[in-house]
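Below, subunit A partners subunit B and then partners subunit C, in two separate complexes.
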Partner chain A sequence: MNLSGQENDRLLAALRGLLAAKNLVSTAEIAERIAATDRASPAQGAAMVARAWTDAAFRARLLADGARAAEEFGIMMRGAPPLGVLENVPGLHHLVVCTLCSCYPRAVLGYPPFWYKSVAYRARAVRDPRGVLAEWGTTLPEGTRIRVVDSTADYRWMVLPRRPDGTEGWDEAALAALVREGDMVGVTQPRLP
Partner chain B sequence: MPEEDAARPRAHHDLGGVAQYLCEPVDQSAHSLTDFDREVDALRQVLGQKGIMTVDELRRGIEAIPEAEYLRLGYYQRWLRSITAILLEKGVVGEAELAAALAVEQ
Partner chain C sequence: MSEFAPTVFPAGARVRVRLDWPEQRGPAHIRTPHYVRGREGTVLRPLGRFANPEDLAFAREAAILPLYHVRFEQRALWPEATEGDEVVVEIFGPWLETA
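This part shows the complex of A and B:
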């Protein structure tokens, strides 16, 4: 069957109708899955980052096994690939990409952003990471190494960014509010508002 | 190694470092997902949970889309194309019944 001429909404409706008629996938199951997927968001990752900044024992657990640490936050990781967490430290910065497609720690951070899936990001992150960072306005101190890590279908990565200077004594909620999606991919760094 | 490159050209989804895109800025603008996007995404997840289709099969189906079409199609359009092809291939859905359902949806 030649699928290339099919209009997408029509194809989806036809397929969903057939799968429902065969009792394989119901409308309710699709709706439940959408709701569950929409619940994951960068805010979940930001909460984990803030905890890691304020609780050394949690930080150690997060770096040892990101998926298990996420479960401490009530995030459902069963069936999700393992989650590795890359810690940015003075002199070493991490950037995550999926060169083959769009592998992303979805259970924690939600749907990958559009730019993460783009041809330009996938091609350039591994060849010109500093150029990519510059487009986000991110410049690293002189002498900082960049490690670019390729996320795969079987192993997902997120970045534990550096805690900004000037946040001593802040509570977890205030710290979490500083952490954005791009900080956990490595294109940006958290900064004071 | 050039010999190997010539014998096995890089697949078109394998974009890491591809020179053609090195001067293309990354489009950082936010694109909100449509209902279509969310439904296709959820459909793949439910098919996975039920053991009907794996994420690796999804990838194989996406990577099998000819290059020109791969580049033309939107992200979730590729997913739907792959899901349909894999379900047909596995006999979960038949060609005739899909053709009939498409005619009804017209």
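This part shows the complex of A and C:
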């Protein structure tokens, strides 16, 4: 359908009215969901990563059940898919892609970046991950295996990147400021400014 | 795929993805990527049970199916891949058979 902005607004208003009239979804629930969607941003994921780097017990909880760990940050995970967290360790680097569409851990990272949804990224990340990383300027230590995680079904996946060297003693806020969305997809790695 | 094979695969099980193309038989919503059909991999871990998206997409009553994280060697999928690299894909139970 090709609707004008005005027609879209009327269609949306009619749909919301029907949902409320049939007691399917209240206007308050819709407002809450819109607010949560707008709040979601890579800064939330970065805060979780920084906590995992400084608190071993939280790191264990994050790896065991990402959604429950996110709730500790006040992130609304009700109705969101399960969140799996992929830990980069020496010798193993993760790269997340959705070859079928654009599945992304929106609840913790916000809207996916434009390139994540591109046909080029979706096709190449799974077939030529080393070529993709090279174009992002990401170099891995020799002997590092790459594990591409194709997000095809009911989970959403984020990467727990490795803490950069030279950040010993940094507090959580300073560490979180190092972490970008690409680091949590696996195309890049956190580095000192 | 409407039939449900009740096989349960533990972590470490060798599996083969069924070489099947339901989209050639009519309208279908398939979450099993083309590039793993007919290929062998290893179950990394079971991920739980979820409503079958192949039914949900058509508003049919959906079976609750086991979902697995399955690891494939990149080399088994693409000839030019680097030895040791892997792809991990979420695959529903009925798409898997013992390899």
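Note that in this section the second predicted complex is superposed on the first by the 156 of 193 C-alpha atoms of A that agree within 3 Å, B and C clash if a C-alpha of one lies under 4 Å from a C-alpha of the other, contacts with A are read in each partner's own complex, and residues count from 1 in each chain.
One rule holds in what follows: a residue touches a chain if its C-beta (ideal position, glycine included) is under 8 Å from a C-beta of that chain, and two chains touch if they have at least 3 such contacts.
Since we're looking at a predicted model, the values are computed, not measured.
Of the two partner chains placed by superposition, A:V89 touches none, neither subunit B nor subunit C.
More residues of subunit A lie in touch with B than with the remaining chain of the pair subunit B and subunit C.
In the superposition on chain A, A:P129 contacts subunit C only, with no contact to subunit B.
In the superposed model, A:A120 makes contact with subunit B only, not with subunit C.
Of the two partner chains placed by the overlay, only subunit C lies in contact with A:I146; subunit B stays clear of it.
When both complexes are overlaid on chain A, the residue A:A43 reaches neither subunit B nor subunit C.
When the two complexes are superposed on chain A, the residues of subunit A that touch both subunit B and subunit C are 99-100, 126-128, 150, 153.
Interface residues of subunit A facing subunit C in the complex, by the touch rule stated above, are 82, 84, 99-100, 126-130, 145-155.
Of all the residues in subunit B, the ones that touch subunit A in their complex are 13-18, 20-22, 24-31, 33, 36, 38-43, 45-50, 52, 55-56, 59, 62, 69, 71, 75, 77, 80-81, 83-85, 87-88, 92-93, 95, 97-99, 101-102, 104-106. Across the interface of their complex, subunit A is touched by residues 31-33, 35, 47-48, 50, 53, 67, 71, 74, 77-78, 80-82, 84-92 of subunit C. Residues 1, 3-4, 6, 8-19, 22, 24-25, 29-31, 33-34, 37-38, 79, 97, 99-102, 111, 113-115, 117-128, 132, 135-136, 150, 153 of subunit A touch subunit B in their complex.
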